[in-house]
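Each of the two complexes below includes chain A, the first together with chain B, the second together with chain C.
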Partner chain A sequence: MKRGKYRFLIAAFLGAMSLALGTSGTARAQSATPMLKLYVDPVTGQVFTRPGKGRSLLTEVPVTTLDANAIERRVEQKTQTQLDANKQQIQQLVQKNAELTQSNADLSRQVAEIKPAWRSYIDNFQDKFRIGTLVYADWRLYTHTGFQPQELTQIMNPGPQNNIFNSFDITRTYLNFYFFPTEGLTARITPNIYQQVGNGTNVTVGNNTQWNSNLNGNLGFRLKYAYLQYNKIFDWTRLEALKGNTITGGQQPNPLIAWEEDLWGFRYVTLVPWNYYSLSSTQVGVSFQGPIKFNERQYIDYDLGVYNNASFHATEQTNTAQYMNRISVYPLGAKWRFDGLGLTWFFDYGYTNAAPSTQGGAPFGPRAAQAHIMRQAFLTHYTAENWGVIFEYDWGHNAFTTGNAFSGAGPITTGPQSANPYFNFSQMSTAFLNNGRNPNNGYALMGHYHIPHTPFTAFGLWSLWHPNTDIQNNPLDFQRWVVGVQWQVNEYLRLAIDNQNVNYYHNQHDVSFAYVDSITPGIFKKPGAGQVVDAVPVDTHSIFLNLEFSY
Partner chain B sequence: MKRLITAGVALGLVVTLGACSNMITTPSEESRSAVAEWKGKSRVELANQMGQPKEAVPMTDTGGEMLYYSYEGHHYVFETDPQGNITSAVQTR
Partner chain C sequence: MGPKMSSQFLRMSIAAGAIAVALAGCSSSNSGGNFPPPGAAMANGKPTGPPPKVSDCTVVNQGSPNKFVCNGKTYTTFQLNKMRSDYEKQQAAGM
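Here is the complex of A and B:
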């Protein structure tokens, strides 16, 4: 009974305690959480979960804190927090990246809108230059060869007694480089091939060596044009009539030859009169040119300038200069460049290209070596859309020497007559043409007609030339005539077949040494009763097939 | 001198005939202004529309060309500059 009594008391005490604790709040509930007691041995520093000898209580840890799920939850919570932070950071980076992309786009747009000078230059590069070419080629056959001027640049024939001579030739290969750096300014550079003629002399090198000359007739390149042209030179005047007039400096076409080649239109077939006689097409100098227009009609076309006395393929030696002008008047008003009736005057005054100290050789002396040269041309021309005709009167002074008369083929100039059957003829020609006081004149008629509804155009040229009008019955007087038909294959290619002739039209006759000596004293040392026998050269006749390619 | 006078008279006749024929066939003001619209355009555009010219003459001094066209019963003359741009355009018939 006693034992049961104690049990009852203990149970009552515990029940009372439980009741008391159950009403004592949260703190008490926490204090009721099972605790893990940890003990430490101060000597060894070991931690134990159970008490023991020499151990003292280190701490009490709530068992709940050691719950795996709770730990996992805390880890998850921490990880989630980190992930959220990372996500936010990524979002910030994405946003920043988007801002940078937008910024780059803005910058690119701004750069594109800036359009610097080089950009403009590149965008319009194709408009800044042009490269073109102009090629002349031919095949020619001479039924009769003889002494004569060249029909085309640097083509020759082997002279008398070489009939049926024939040859393929390339007489022009322009590479036209045009550059237009700014509005109104044009730069032109045109290299051209030409036929080199000459054997040259071998070159001695040192004491024991010699190099052979390689001047063997190669086609060589030389500069044909190199000039700057500015077409706003008179814009300051605000005169509409002068709009487009130009100033040109450098190696350039002279006022007459290129213009007349364009007027006639058949330069690839043969040369226009003054070019055939002596005047080069190109000089180095300064010039002004342009049309004068009213109501879009051209009434005057002019070209005037000052140039070297030397042509473009010679070196200047004089202390003077050469003046040229061409003035074309279109009284009815030209709607296009050569339209309708035109009246043209050309004037050229210059000097032989010789240094001032040049004395000249016998029998001429310095007067001939440094003679003035004058050329004039008076042209009346009419051009329609499918035909054109040109009449020309030429007048010159010292404008035709043996170098011109025999540029295509000429006599050997060294004697004596027994060794060279043309020696006396050569002496006579020299006396008549190189004496420094020979007046020249001539006439020419040129024209063309386009045959309707065909690609063919008929053309022709006739000229009469008196190399020295002071000479009676001059055996060197000649006519030149050219007739042919052109086929316009396409806009780049023209072909022509033509017949070219030089007729020394006087009847064959002898010329006395005495007469020749009266023109140039001393040319024959002992004139006596000597004669230049058969003084009239033989005619030349040839057939040409010409080609022009222009691009 | 006789030759010169004869040639001069012949030339005068030719020129007079030419001038007369030109006056008879002068195109209307309307067609002249229409062809003037070609000024400034490229010769390539011209070739695309009118085809091959019946004559094409390169201009040695200017570097341009004279182009002579027959197109749809009319006749034209065009001049180009070195760049191939048309600088003058005229209907002749």
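Here is the complex of A and C:
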């Protein structure tokens, strides 16, 4: 055992010496030429730079054969390439992100632009459509009621012996619809309310039933305007002076009334002379109108057309037509509508709205029933921004009948005198005004003055009217005068307080039946010595509070 | 057919006229509002004064809308209203 132990120790010592010597020799050789040792794992075939379990030395490579700079450059190059690739990828990502952002923005915009169909419709429609309204209302009190024409559309008073009659009224409610479908073309449709008057007759239905009439004074709707207007009708002439002149077709304002209402400016208070006497403001027909301008100044303003003989609230019956024209001249040139001095001529020629076969009742016959109607007006007017004045001479033929004279209140027309104290007066009026050959004339003076630095404007109208100039000392001659003050509350609202009067100015007198019969033979079957007693109607006086709302 | 214009009515007419004149006269003391008279002064193309007041203008078209002439220019009521509203807002904002 001891001998074996010594042999082992000797062998270990020799092995260690050998290993130590061998290692030191290799170290010396390596220090001379550095070697890179590579080991291999035979099982996996992997190559390692360090020894390890299961690895065996594969080879030794001198380090000198390896260029560290080249390796470094290759590493750097590879790193740079990788960096470039990464950078490019980042740039692509950034670009893609930007594209996505843009795409999102586009999508958001498109989504935002997706609007309901009705909104698109309204957006397209808003410049081609306009709606407005115009309301006239009043409260009136008559200190003296009597026979007279209407002061405003369809307002009445109960006639003589009904003093202190008073009433709230709505005399106009326009709903103005304007359409502008194409450049230069305008369509206007205007429904309006009006006061219906009448009891009507009950309607028999079948054998055993009747329906009560419901004509009881309701405010009814009727069509006031429905027309097309085109303002490029004269563009082909290339005349700057005619630019904007229009052709109008349909139910439209006639050349005088609406124009004169604007000239005076107080339509919501009362009617201008020819409208008050008989001429409706609206007819159905075709017309041309427009200013003629030079150097931006208006020298002529014209309106002429051909219309039905019937007004807008009647059905045409004639086989003729009605012609009207208005020509206004501004000799000094008007910078705006009505500016400065103006001279105006209006002419109207038409016929009573009766079918050609109409024979007419006694004592007038067809001549009166189908009489021609002529109206003319000659106006001199001056308008400044603070004031205006209008002088008017009116001349007519068959232009004022009992229907006009008593549109606001008139006598009962059925007799006898014992049952109707106004029967003889009614017969006289009919003889003087409805005979188909009565000339009329009159004068009017209108004006207004704005009180400086206030919202108030004083206005007035005076007119003198001779319903039949052939009648001597005609008891139906009258003066009308209106005076009042307007308060311009704001842009949309005007109020006025005014006093309106009809003054049958002749001294009271009787008219003989014989004289009346000489005007219209047969009106009194046995004239004898009979008299229309107190032939001059009572004056009427009233106080109005008027309102206009325009929007 | 009836009495002519009575003295009672004459007295009432005179009284009504006097009331109208009084109303018109009294109104001048407090109806000017905050607006001085319409001015035409311009700065950089913009008016420096208040816009025209409808009550200082003259109506030249009665319809919907009404049209007025102020200082030689024609405006609709909508335009006049907008100018006044804008001006009042500016005044309120102290601009």
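We adopt the following convention: the second predicted complex is superposed on the first by the 427 of 551 C-alpha atoms of A that agree within 3 Å, B and C clash if a C-alpha of one lies under 4 Å from a C-alpha of the other, contacts with A are read in each partner's own complex, and residues count from 1 in each chain.
In this text, a contact is a pair of C-beta atoms (placed from the backbone, for glycine too) under 8 Å apart; a residue touches a chain by one contact, two chains touch by 3 or more.
Because the structure is predicted, anything quoted here is derived from the model rather than measured.
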| task | Look at A:N325 in the shared chain and tell me whether it touches chain B only, chain C only, both, or neither; answer first, second, both or neither. | result | neither
| Does chain B (first) or chain C (second) touch A:T153, or do both, or does neither? | neither
| Just chain B (first), just chain C (second), both, or neither: which does A:V483 touch? | second
| task | In the overlay, answer first, second, both or neither for which of chain B and chain C A:L464 touches. | result | first
| request: Could you tell me if A:T186 is touching chain B, chain C, both of them or neither one (first, second, both, neither)? | output: first
| message | Tell me the contact category for A:N176 with respect to chain B and chain C: first, second, both or neither. | response | both
| request: Could you look at A:D127 and tell me whether it touches chain B, chain C, both or neither (first, second, both, neither)? | output: first
| message | If we overlay the two complexes on their shared chain A, which of chain B and chain C does A:Q508 touch? Say first, second, both or neither. | response | second
| request: Once the structures are superposed on A, label A:E491 by its partner contacts, choosing first (chain B), second (chain C), both or neither. | output: both
| remark: Shared chain A footprint, chain B vs chain C, residue numbers 132, 134, 176, 261-262, 265, 267, 335-339, 384-386, 450, 455, 488, 490-492, 548, 550
| Contact set on chain A toward chain C in their complex | 132-134, 143-144, 146, 160, 174, 176, 261-262, 265, 267-268, 335-339, 383-386, 388, 425, 450-456, 458, 483-485, 487-488, 490-492, 497, 499, 503, 507-508, 533-539, 541, 543, 548, 550-551
| request: Over in the complex, which chain A residues touch chain B? Could you list them? | output: 127, 130, 132, 134, 176, 178, 180, 186, 188, 253, 258-259, 261-262, 265, 267, 281, 332, 335-341, 380, 382, 384-387, 389, 391, 393, 443, 445, 450, 455, 457, 464, 488, 490-492, 494, 548, 550
| query | Across the complex, what residues on chain B touch chain A? | reply | 3-4, 7-8, 11, 14-15, 18-19, 21-22, 47, 52-63, 65-68, 75-77, 79, 82-84, 88, 90, 92-93
| query | In the complex formed with chain A, which residues of chain C make contact? | reply | 1-5, 9, 12-13, 16-17, 20, 23-24, 27-28, 31-32, 37, 53-66, 69-74, 77-78, 80-81, 84
